[in-house]
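We call the chains A, B, C and D, going by the order they appear; numbering starts again at 1 in every chain.
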Amino acid sequence: MIRAAIVGATGIVGQQFLVALKGHPWIEVKALAASERSAGKSYRQAITDQSSGAFRWFCDEPPVEEVMDMPVVNASELSTDGIDVVFSAIDSGPAKLLEPKFAAEVPVVSTASAFRYEDDVPILIPGVNPDHARLLEIQRRRRGWKGFVTPDPNCTTIGLAITLKPLLDSFGLNSVIMTSMQAMSGAGRSPGVIGLDILDNVIPFIPGEEEKVQHETQKILGTIEGDGIRPAPFTVSCTCTRVCVLEGHTESVFASTQKPCDVDSIVKAMREHDGGLAGAGLPSAPKNLILVNEDPFRPQPRLDRNNDGGMATTVGRVRKDEAMDNGIKYVLVSHNTKMGAARGAILTAEMLINDGYISG
Amino acid sequence: MIRAAIVGATGIVGQQFLVALKGHPWIEVKALAASERSAGKSYRQAITDQSSGAFRWFCDEPPVEEVMDMPVVNASELSTDGIDVVFSAIDSGPAKLLEPKFAAEVPVVSTASAFRYEDDVPILIPGVNPDHARLLEIQRRRRGWKGFVTPDPNCTTIGLAITLKPLLDSFGLNSVIMTSMQAMSGAGRSPGVIGLDILDNVIPFIPGEEEKVQHETQKILGTIEGDGIRPAPFTVSCTCTRVCVLEGHTESVFASTQKPCDVDSIVKAMREHDGGLAGAGLPSAPKNLILVNEDPFRPQPRLDRNNDGGMATTVGRVRKDEAMDNGIKYVLVSHNTKMGAARGAILTAEMLINDGYISG
Amino acid sequence: MIRAAIVGATGIVGQQFLVALKGHPWIEVKALAASERSAGKSYRQAITDQSSGAFRWFCDEPPVEEVMDMPVVNASELSTDGIDVVFSAIDSGPAKLLEPKFAAEVPVVSTASAFRYEDDVPILIPGVNPDHARLLEIQRRRRGWKGFVTPDPNCTTIGLAITLKPLLDSFGLNSVIMTSMQAMSGAGRSPGVIGLDILDNVIPFIPGEEEKVQHETQKILGTIEGDGIRPAPFTVSCTCTRVCVLEGHTESVFASTQKPCDVDSIVKAMREHDGGLAGAGLPSAPKNLILVNEDPFRPQPRLDRNNDGGMATTVGRVRKDEAMDNGIKYVLVSHNTKMGAARGAILTAEMLINDGYISG
Amino acid sequence: MIRAAIVGATGIVGQQFLVALKGHPWIEVKALAASERSAGKSYRQAITDQSSGAFRWFCDEPPVEEVMDMPVVNASELSTDGIDVVFSAIDSGPAKLLEPKFAAEVPVVSTASAFRYEDDVPILIPGVNPDHARLLEIQRRRRGWKGFVTPDPNCTTIGLAITLKPLLDSFGLNSVIMTSMQAMSGAGRSPGVIGLDILDNVIPFIPGEEEKVQHETQKILGTIEGDGIRPAPFTVSCTCTRVCVLEGHTESVFASTQKPCDVDSIVKAMREHDGGLAGAGLPSAPKNLILVNEDPFRPQPRLDRNNDGGMATTVGRVRKDEAMDNGIKYVLVSHNTKMGAARGAILTAEMLINDGYISG
């Protein structure tokens, strides 16, 4: 069994790591770390508010009893002895300081954006760009680390990159225009999205989000060249909005392809896209990376976010677009805190275990 | 005073006509018509559920006491004697049958789509295409009517057409891509959007809506040629979605202009666009047809739908777009049941009164 | 295996019967009936909208593939040959006509209110009043039926009756005051609760609901006397409201007991209440009929409605009340379309199978 | 004109003071105070986020241009020179320290709870307990202040106390049971209610709220005896919940009266209750303190919160209750941030100006 530490274990993403690793066949949770405030407590105490008695468990799934009595250590004092991989579920600021410390010793799979834009750091999506894992060796060598940092993509990027991949492979891409309708959980809880701001409303701006999506999509779909990645040569332009939805990002995509394409061939390419996942036997992999639903009223975030355990990206409304050359348009739903966060990071770890980058 | 009949007076749009005409300086309500079920009752009785006692008044504004004791007649038996204009707030099916009957005698300003796509019928927006009113004379002559039918645009089209107009005038347009996040009130109440379907959700399809927006935008921004309208020569492609918002449509727009343009010149063109409204003194005209808000978190439907009495279109997040030639992108909010329905129709009527098409 | 027919199979409650019976160890679905409009189609066709292609499956759980190719018959023509039990998921109006027809031949377990208030009809809740099943024999005899009709309680009654039962048994009850905050799904989909009415709102009236809760609670907690039920002798007074929640009714309860009681003894009585369920081995029975959560912020409908498969009633905030003699107060959450509808009816059927009232 | 300072001017309640005082005939805003972070800036700068450009104005009403260029001072350094009254819109913690400092010099009308429970401090509601103002003289004398502190009731108390007053006067009260369904705005914005917690949910606990309502209602409806207030001798028991509503608290009330009463006499007593408001000519007073709506589906928070400028309490569903002696039950809606906060405090100030307690 691979022995994992969860850093940021008391937050919402940390809890989702715990849920997703409960009963995992390859990985077991060996250490929990959080902020100084939680250090020295049992996990149960750490998520129980002392004054009110409130129990701060944020997942739909029941609390993971197996970890309730485990001690929580201060993240800045976590030892990596006896740990094979660190799952980092902390904000970008502390990630910048802590992740290199852990990576000096062991692999770190992170949901934070802190290292996503560095040249020797891949943004891996199993089934999309497994070859980018080669950068991890360059990273190790260049930085003199025994481990490495491999961050997952932003939760809005991941569904877009997954659905563009078969289009890029089959038809080539000139440009992509996307409008997102993002769920509240993407903003976390500190304080996240205030109810007074979002009820009966849409907020048309999420600071930094559009730049992340544009940059990451080109990097993920780029090609390894020498010691780095050449970004994919198509343009990505987007407007990211917040809507009154709990979980599940919806994206309205318009794309211009290089070769002519029709709806049927697009749907076929999406449905058949596998990217090497099918044979690999990764425990968290969805049966289909992309599900295409032909009901014109789908995908809907409430109905489709949990498809295949929240790991499938669901596509619908595939149509021709007349505004761009070889234009097509579609709508996708992707679970932002499952495939787009903890479970996605675990899937990445599984691929890296399979490929020998992480070992016990 | 111009004497008006409201057809469909008991529905939500009909009630908004009543609210918007309360105390109107030019127009007075002289007759109310609805379905057979309401005929013969006072307006108050017609909107009171006999079994439960519920009072079916749907506007935020208080009920209009002035009309509560007016009789409601069966719409199919409404006489146009003593009426100078009919405001039609009925569905497209009955509109197809009833509006020609009324138009044989008097002008009909309609919120229904029944006649929008006929060659001799303009879709007027004051401040955008007042010259299209010329078609009304052609329509009269061709159909042998004393009056005419002039339908307002679809509630999703109107904000798009208004904001594209200054871009078209100043820079020319190649193509437009739009994703809408539409309010529930656009679907009415019979049954409209069911709470179980929309809470914590986005519905990515509104039957017929995308075709309407594409077709109407090109017609509204087209040019009079001979006895008809030549559609504007740019393409419009859109995806229309429903979000959990009561009122106010939000639209994420990407446009490719013919001449190069920058953010400042776009904002300036939008702010200065007036289309002849300023001097006309129309009572329902907004002070600014387009408001540009530079707060990056705006426009928001809850905060901006009621700007200038629900008659202004609010724009924000004007930025360059890299995916299209001379690309720009922005977000707009437009009130779908004020400028996009009853009040918009009244503004159209005011323009037609001013220009002599409607008279007492 | 007990062979079941589902009447009203295409509606939301009917679909929940299908979900709950998928893989059921004792009961198999043998016939599906719905309105004339669906008759003669396969189930898949019957729930697919022909014009739009929309697939009308309303449960969170995936569609039940096993029934998709089964034929749907007209409910008024359903034959009970080869059927051991009918689950009726239709409205009260048609139930009044159809249920006696079926009951003449086989047992009918119903979610409709049509027969709830007749003297020889029990309203059974396993774990609460299993002895009331004796009325079924009286019903059979009196009406000359081979089967019987046994309706489940109203979805608002069930959680109240379950939580009052241990109080009644341990302390006696003088009176009960309850304010409900009910989910939208309780109103169904035809048209159910309109989004425009409930978003950012509370509706303080649900026609007929308060009378149902008051009457049914007294009947369920009453005692068999001779050939009928003597209603429990405490008063029930309630105000039923609708809130913007998808599923799960929340109820704020205040009760006056006959004997003095304290918080600890109330909690203990609720936790230990079993009503004969534990030993019976009914497949759908929750492990605990009542869960008491001591987190003061619980129960919450979104977090607690699915406890124990939606079959447990979750209680919290148990406190002393000063306004009534021996007053106590608490809040409960009960899943209105699981324990409060299809799954609850299946649990009742399981008890009746166990006790020999239903047999193959 | 009475010259006012607003302390806490940048928060949501402070902004509502500014809106409510715009164009006020008796009171003008002369000074603005907030936390140290805002000190030295113009009001416009203080509510503009420097990094994002976001403009933090939280009211539905447009920003008050008249104060945008006024300087904001540090609340702890505010001078009361040239000020006749301080409106305090700060949290209870800082209120405890700052309000006595101001009250040493001038009257302070506060929305904070800091001093509500002190013996020499009244909780005034015009139209309910104007005679309690006598305590202000005792307070002045006892504390040696030139001014005084007079806090408004909790936003949940106010509608309850107002509607109980005519019942108490006409029939006497034994006990009151209340379940509230409170709006999010009652929790403010720091961080207030998180969208992730409240969407599709009800939260059954608001720390401290129930004790406040019980204590304050008895104090407000108590009688002056000697130098203090004897609490009203009826018991109040409540359960306070949070629902997904922006503004407007809904309360389900059950009361036992001393004398027998019927629905008609209750409605009459509520409608006729005036408490001396009608003749007083206070600018912010509602035309009717209590509106009774006979539509069984009312009151609803979205439709009734703004009745009479948010200053009327709307009552509906008045019925007999069978669970208590002489029981009656009803539902009320009261605007928690208008009558229940800033506007309510201004109404109190108007009464105190009228009665000579505050003067220029």
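Operating definition for what follows: a residue touches a chain if its C-beta (ideal position, glycine included) is under 8 Å from a C-beta of that chain, and two chains touch if they have at least 3 such contacts.
What you see is a predicted model, and the numbers here were worked out from it, not measured in a lab.
The two sequence copies chain A and chain D touch through a face in which the numbers common to both exceed half of the numbers used overall. The chain with its Cα centroid farthest from the Cα centroid of chain B is C. One inter-chain figure worth recording: chain A and chain B are separated by 42 Å, centre to centre, where each centre is the mean of the chain's CA atoms. Distance between chain centres (mean CA atoms), chain A to chain D: 46 Å.
If each chain is reduced to the centroid of its CA atoms, chain B and chain D end up 41 Å from each other.
Contacts with at least two other chains are made by residues 52, 199-200, 207, 244, 246, 296-297, 303 of chain A.
For chain D in complex with chain C, the touching residues are 175-177, 179, 181, 199-205, 207, 235-237, 239, 241, 243-246, 250, 252, 254, 256, 296-303, 316-317, 321-324, 327, 329, 331. By the touch criterion given at the top, residues 52-55, 60, 199-200, 294-297, 303 of chain C touch chain A in their complex.
Remark: chain B residues 52, 58, 184-185, 189, 191-200, 207, 244, 246 touch chain C in the complex.
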